[in-house]
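Labels A, B, C, D and E are assigned to the chains in the order they are written; within every chain, residues are numbered from 1.
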Amino acid sequence: MLIDWVAIAPEIALTITALIVLGADLSLRGEAKQLVNPLAVVGTLVAIGFTLYLWGDERSTFAGQFVINDYAVLFKLLFLGSLLAILGISWRFFAEGRYFQGEYYFLLLTSFIGMLLLPSARDLILLFIALETVSIPAFVMAGLRKRDLYSSEAAMKFFLIGVLSVALMLFGMSMVYGFTGTTELAGIAEAVGEGESVPLLLASVMLIFVGFGFKISAVPFHFWAPDTYAGSPMPVAAMLAVASKAAGFAGLIAVAFIAFEPLADVWAPVLGVLAIVTMTVGNLFALQQRDVIRLLAYSSVAQAGYILVPFGLAQSGHLAVNDAAIQAVLFYLVAYAVMNIGAFGVAIAVNRRTGMRSISDYAGLSQRSPLLALAFTTFLISLGGAPPTVGLWAKYWILRAVAVDITPFGIALAVFLIINSVIAFFYYLRVIRTMWMDDAPAGLPALQPGFNLSVVVVVLMFGTVLLGVLPGLAGNFADVVTLAGG
Amino acid sequence: MDWMLDYAWLVPALPLLSAALIAAFGKLMPGKGSELGVLSLAVAFLLSVGIAWETFTAPAPMEPVEHAFEWSPLGGGFVIELGMLVDGLTAMMFLLVTLVSLMVHIYSREYMQGEPRFTFFFAMLSLFTFSMLLLVIANNTLQAIIGWELVGLCSFLLIGFYWEKKPNQDAANKAFLVTKFGDVGLIVGVIVLSVPMFGASGSPFNILELNQAAADGAIGQGTIVLGMLMIFLACVSKSGQMPLHVWLPDAMAGPTPVSALIHAATMVTAGIFLLARLYPVMAQSLLVMSVVAVVGVITLFFAGLVALVQDDLKKVLAYSTVSQLGYMMAALGVGGYTAGIFHLFTHGFFKALLFLGAGSLIHAVHSNNMSDMGAMRKAMPHTFWTFIVGSIALAGFPLTAGFFSKDEVLVAGQYWPYATGGLVFWVGLAAAFVTAFYMARVCFLVFWGESRSHHPPHESGRQMVAPLVVLAILSIASGYIGSPVWDDDNNFGTWTATPVLAEADYPFVADDELGTGLQGGGEVLAGGAQGQAGSASVLAVEGEEGEGLGAGSILHGPPSWHLDVLLMALAVFLAAVALAWRIYGRGKPEEDPTLNMGPLTTVLVNKYGFDDFGYRYIVVPVRDHAARWASWSSNVVLDGIVAGAGKLTRDAAMTTYRVLDQKVIDGGVNGAAFSAAWWSERLKRVQSGDVQRYAAVLVAGVIVLVVVFAAAR
Amino acid sequence: MTGHDLAFLVVALVTGGGALLTVTSKNLVHAALFLAVTLSGIAGVFLVLAADFVALVQLVVYVGAVAVLFLFGLMLTRAPIGREALDNQNRGLGIAVSGGLFVVLSVLVIGAFGGTTAAEVGGPRVGDIGMVIFNTWVLPFEVLSMLLLAALIGAILLARRETGDSGEEQAPTRIDMGTAPSMEAERMARLEGGDDQAELTAGGDPGPAAGRGEGRA
Amino acid sequence: MDPQTAGWALVVALFLPLAGAGLLALIPARLDQQIRRAAVVITGVSFALVAAITAAFDFGDAGTLQFVTDVSWISAIDANFHVAIDGISLPLFFLTYLLTFLCAIYTLSNLPAPGKPKGFLGLMLLLQTGMAGTFVAFDLILFFIFWELVLVPMFFMIGMWGGPRREYASVKFFLYTLFASIFMLVAFLAIYFQAGAETWSIPELSAAAGVGGTTFQTWAFLGIFFGFAVKVPMWPFHTWLPDAHTEAPTVGSVLLAGVLLKMGTYGFIRIALPILPEGAMRFAPMIGVLAVIGIIYGSLCCLAQTDVKRLIAFSSVGHMGFVMLGIAAMNEAGIQAALFGNIAHGVITGMLFFLAGSMHERYHTREIGVIGGGMLVKMPKYGVLLTYVAVASLGLPGLAGFWGEFAAMWAAISPGGDLGDAYGGLYLGLVIFAAIGTVLTAGYFLWLLQRVNLGQPPARWADEPLDDVLRIEWVSWVPLLLLILALGVFPRLVFGVQDAAVTNLMSFVTG
Amino acid sequence: MSLVGPLLLATFLFCVGIYGVIARRNAVLVLMSVELMLNAVNINLVAFQNLLFPAEAAVSGHLFALFIIAVAAAEVGVGLAIVLNLFRTRATVNVDDVDLMRW
């Protein structure tokens, strides 16, 4: 069996980078350790290069466990882009905080190796391994501020809920193996499509979803998210909120739309209800928050609910609907990455020196740093889904998926989506209001975000608006998603 | 001189121009703009004379001159027209409006001397004149609405001229709102009447086409009744008919020239004019005619009674105006088209005269109240004589203008074959007595007796007296325009008639089993006085008897001498004046009337006992009780209803806003928002921070999902 | 019931009992030992199922390494060895939830595989496994190596005492949680209540004011 | 400029304010006056360009689209950048630029706390592009983008420069309109996908003579109705309006009343009616009833107000009720009336808000009772202006307010399609109640005038030096004052421009 | 051999593990419970492989089980490190004391 090295070139590039970073960390001393960040950036750019090279290609290797198509490439680009942004916002944070830079970057890169695998994985075992590769370094990273009570508590909660969910998922996977005799997604789909759906099989499907539900922090698997985001180092929180979540969705798409596509009529309503509960609970909780990070955490729970909506629309064998649903998820994830990493970036900038993180600390941010205030406003408006930002299009694509084949359940989902979008604006606007309409406490200096952070925030802000005006730049999804099934 | 008809639009245009010029440059001019108004009105008056001449000399009935241009498209292929319609009615109104307005302009130059808003006043007078003429010249109902509302606005602004005082503000608001309420009817009426005209031409509001269609029977009865009653509602409010007259006496808060022009001679007659304009439509429905007549009768009588007990000179005249408007309305209601507009015409002159005279008096004594006057005939001879002329004209003294026109109204009632005809005749006659009585009372109290003025009264200057004299002459002379001195083919009736009016058939008699013929119907329904009412001799015999009410009874034929009516009117006049002299001759109402028996009293009433009886059982009850009651009912009940309606509206407004808007609708929305917060507050306790509880909830969630899922198939 | 079944029953009873004792034992070290028993029992199960290679790995990795790791963990955390309230107040909840799940899953499992029997028990041999690992499963295998490396480094990172690049031991710091009143109130309540945990926390806590002060400087 | 080929002119006019906003951002904030002047120049140039477009507009062919730009924009979803102008768009488009220009001039001298003209004017320019774009977009997606674009700047305008309850009001404004607009988006999507239209082009969809079946149209119309009705605002979706208006800064109120509310009615006319004619026919009686309730209800609420701005805000509810009554008539005259009412209300109420704002700057209160009358004594010119505009607003013929109201009532007497047969009596009742509404309208305006203008000023103001109308205010107000008169005297200015376009549009609705 | 026996044993171990995760205070005990859950899955996989699909070419069941063992070991390592760190900062390993963050 020949290995298609080109197909896994991005992953290999990232692996090598991770190892170089680790080595560099060991050999460098003092300030020079900061070099690991540019190293990681370079490695990421190389990986992006490889990934772009794969655009338009269709490859399959490792006995079909690993495939390359535009869908996978797009996801990989999303992850690598997020990685770049997170590296950008990590720079000062870790350098100044005297955290374990080398190890952090190594763990981060490892986690992203797992992510890169997820959209390509076509086998339950590979999915599982990839998912764990995402998770385990993340457990560590969440606890990276070792002497911080909150950080270790965050890691603890994250870890416990994480392994519990994975155990549930594995139980489900084992049962599915028992039913189908294979771990290949395509084989499973075949077997499931032929055989009759026994309750245990359905229950197993559900258990598998739990594992991904944890990753995407869907209610009721979301409990870790706010506590972990609030306790983790902020770049890690951004990573968890965006990249890790996207990875969860990548896995969920693979499982739901490839392996269990024949059962879509059964799981779609359940995931739909889950979507409703998730967005509603997320928003209701977010309403209560006074801490910006926790607010963003609950908001990301709610966003997960929105992204789940297209899953609720899926129908077995209805290609148009499923395609539209995958398109919606994909686009939303891209948009979500841009706006949410940006929001975390701003939160980091505000928090970095002063430790400020409650909403009232954002009072008068417009005076202290108009750029940050403007950027945060843009991101929050985008998260809410108002033009001229990419957030609008994210919602648009979901509603479009609803409109492809209007069903009563689809309408219900749309209505809940709309109501929740409006509820969400309550708390987004509260932050915006505080930034622009309240006065800063006297004596606070102007904020000077670092260069890297500023670049990332500005780029993401422009991205948010640019994609808001020309959403077509985010890829021509109509051509991409049909390959998801391949 | 045909061109004059085509250029009739200049008549309203001139005052508009002067209004604009006064507003723009008035303050810079030596006369502060007043001369512009006078000048433009003078020219407009001359033009009006020319137009009237053209019209009245044209072969009757004159084909109306109509010019219009498309003002604006209105959608659906319809257009709004801006146009002019010149016929006898227009010409007559032109004469009246321009002349009275001219007189008032001249008069005001002196009367308003030194007022802080002198220029504004003249701008408004000119603007008002324009608006009134716009209404008069309108060739379509929409344009009429515009004029109608604009005169209302000017009236509002001029009533509230002394806006520093709250009663004046209230009076202005009341006037505007009550008339605006009527405008609801006008708008709805016009809209309703436009519907059947959709197929006719581009402009569904065209009056000539509307009249023609109605006369051809092309408009359904329902539409006519609804539309015309709605329009009549507007006329009721604008022309001060009961019960919407309540604004008119209050409107006397404005300067006296305004009262003369707007609230006596012109604007308040707009309702009469409008009904006359749409007479072919209105006369298609007996129901509408009857309603108009009954409202008119009620108004003319009760308003007259109320005038008896006023001390404020202007209020007496105001109620008198209401009463006279009732005459006109009643006339229209009993087929007296010519009579109605003729009375409008003459009344404009003598009532303007009376008001201007009253203004002169008020100017002299600085008080509106008759109790502050007395013996003014010595100090102000010109005012005295002109006022007397106006009074006797109003009271209907033979051979004055009021005599001719009021007789016409009574005769119209006499000839009308339905019950309302008799009502108009008899009540009209009774009200004539009341009219004469209160006018005599005014004259005696003001000009006789002893001076009670706190200032030494003085005669007004030339600019005030001259209009009085002109109007006094017209108060006599204008009556002859409609008097029987003209021949059958050339008289006021033929001048003001239009072909459609003259040639139309009025269906209700033929269709209505109540009267299959004029004579029979007349006798059965109207009884005694007009037993021979239906005699063909008084009719223009256009319509065939027996098959329907002809145009003749609507046009009411050429005026003729009606000796019986004349005698009755004269008797009533003399009786009233005598009685008044008996009571007020000394100009001291508080003194015992028996102590000052004047010569007139002795001529007519020669027995003390009768006097006493008359005084105690007729005058006192009528003056002190019936009139008081009427006054009370007018001031308290009707006014109270208006005020109550106002209060009710305000209360409704408060309730709507406070309860419905803020609590229910807004509260509902906010409540939804709050309930989200409430739920969120409850829900957040799940996020307890205890990771093992999270785990438990997670697994519990899994169980639920698994069960649901497994049971799904 | 075949011999396999009988053997399985015996091993299963041991395993199940051990597991139950692991989670109910009131002694930490006992619990760890019961865990070792359970894990060994599972290896036995694998043997009964004729999966000898897996059983071997189970013994080596779990009984040999993981159980020992746990014992080390217990000692390193200076957990009170001996009787202690090892269960929290969620016990009832735990019983309900896990019992409920067990009932549901059991019903489903019996429903799905209740009648399934295998005539003979047998599986791939070690050689087969070796072949597929480096053929079919080479990618997950390699990824796993990366994963283990990361886990190793991560575990070392978290577990070692010295912190930071400077090598200095930092005082426990905590981020300023802002003015989220619920947390603050909770903290204050603890401080007032004299809770020893909270005192420890408060000792190294620069507090919100100090945090802000830095920002100003 | 040839209206057939000069599509660039429209695009430039559309994005000039946006570019201007960017330009303003470059000026240092301390150059306070320069920023204000720059804004005047930017809006002035934009207005001049729009005036040139208006001049070049082929009025003889107002029914067809002119100045067309139609290029592919988001190919993934078939959305085009399709802007153009026709007789229906032109007056509203023109009004947008005029009002913004005047607002910029007004801001030269009047800017509420906390100042910061840079942010304020930048937002205003952003708002301008959004508002103007709504009126010229002929692609549903583009329309929706412009529609939503106005939310954010207006939110900040109210929230930062507003009155004491600005935060509540701004959030309420934002959430209400956002909420509704998403339903609108769903309806758009449904039209695209469900009805098999597969295009976002408004002209194409209109020409399709109705998409989907009757049931579909009913549902789709419901969604669109909800989106537009909140914006109009129709009773009972109006409660955001009084709060937003009351708290908004003067310029915000002016633009809100002058342009933003028009977007709703414009949407009904441009999108809901031609694309979903059957749905519209079904909803028309309900719209009519709600409209008339709004008229009466708005007027009653006005009578209960003690705050000048709140009163004017509620008056908008009533006036927009007339506009909606016109739409409910579902005939050409009704559409004409609605569009005229739009313009008239924009000019008049915009002007009223200018006056109310300046009044607030002088008295520092908006409470009628505190002002207590006598403005004609203290500030005679001001009092005269207030009288003039109030009288225009109550629908006096000869001024702009009359035509929309009368024409709407007139149109409603004979509603289009089969409505006349089925609901003739209902519509007659609507006309009568609407006419009664005019009386109430007169009532509250007279009451306002009496309490504010007339009488002697109370003691507290007697010695207070209050400026009469300032020069800048004259400059920014005179165009509106003249427009009020001009529209009243020459209704053709609007009716005539729209006529062909409305005929064209209604041919899609009633066939 | 009956398949349902190993499956039920696995289910039992799994649920016992869940109970432990929820109810045990000591973090190390919680980790042990997690191990129980993971092992239960392995029983399933091996039972399926050897009783149902003994001839499957890819040997997925066994491999899956082996991967899970490896990953479980890694998890234990990381988990214990976290617990250790927690103990350093807070001097407790009781999971239910770790509730600084809520709501």
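As a working rule, a residue touches a chain if its C-beta (ideal position, glycine included) is under 8 Å from a C-beta of that chain, and two chains touch if they have at least 3 such contacts.
All of these numbers come straight from a predicted model, not from anything done at the bench.
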Contacts common to chain A and chain D (chain labels): B
Each chain counted as touching chain A and chain E at once: B, C
Remotest chain, chain E as reference, centres from CA atoms: B
Per-chain Cα centre nearest the global Cα centre, belonging to chain: D
Centre distance in Å when chain B and chain E are each reduced to the mean of their C-alpha atoms: 98
Rounded Å distance between chain B and chain D, as computed from the means of their C-alpha atoms: 39
Chain centre separation in whole Å, for chain E relative to chain C (CA means): 6
Chain A and chain B, separation of their C-alpha mean positions in angstrom: 79
Multi-chain contact sites of chain B, meaning residues that touch two or more partners: 684, 687, 689-693, 695-696, 699-700, 702, 706, 710
Chain D: positions in contact with at least two other chains: none
For chain E, residues that touch 2 or more chains besides their own: 7, 14, 17-18, 21-23, 27, 30, 47, 49, 52, 56, 58, 61, 63, 67, 71, 74-75, 78, 81-83, 85, 88-90, 95-96, 98-103
Interchain contacts (touch definition) - all pairs: A-B, A-C, A-D, A-E, B-C, B-D, B-E, C-E
List of chain D residues in touch with chain A within their complex: 73-77, 144-145, 148-149, 151-152, 155-156, 159-160, 166-167, 170-171, 174-175, 178-179, 182-183, 185-186, 189-190, 192-194
Residues of chain B touching chain D in the complex: 71-78, 80, 142, 145-146, 149-150, 153, 156, 160, 163-166, 169-170, 172-173, 176-177, 180-181, 183-184, 187-188, 191-192, 194-195, 198, 646, 649-650, 652-654, 656-658, 660-661, 665-666, 669
In the complex, chain C residues that touch chain A: 104-105, 108-109, 111-113, 135-140, 143-144, 146-147, 149-151, 153-155, 157-158, 163-166, 170-181, 201, 204, 208, 211-212, 214-216
Complex contact set, residues of chain B against chain A: 673, 676-677, 679-681, 683-684, 687, 689, 691-692, 694-695, 697-702, 705-706, 708-713
Chain E-facing residues of chain C, complex: 1-2, 4-5, 8-9, 12, 15-16, 19-20, 22-23, 28, 31-32, 35, 38-39, 42, 45-46, 49-51, 53-54, 57-58, 61-62, 65-66, 69-70, 72-74, 76-79, 85-91, 93-95, 97-99, 101-102, 105-106, 109-110, 113-114, 116-118, 121-124, 128-129, 132-133, 136-137, 140, 144, 147-148, 151-152, 154-159, 161, 172, 180, 182-183, 186-187, 197, 200-201
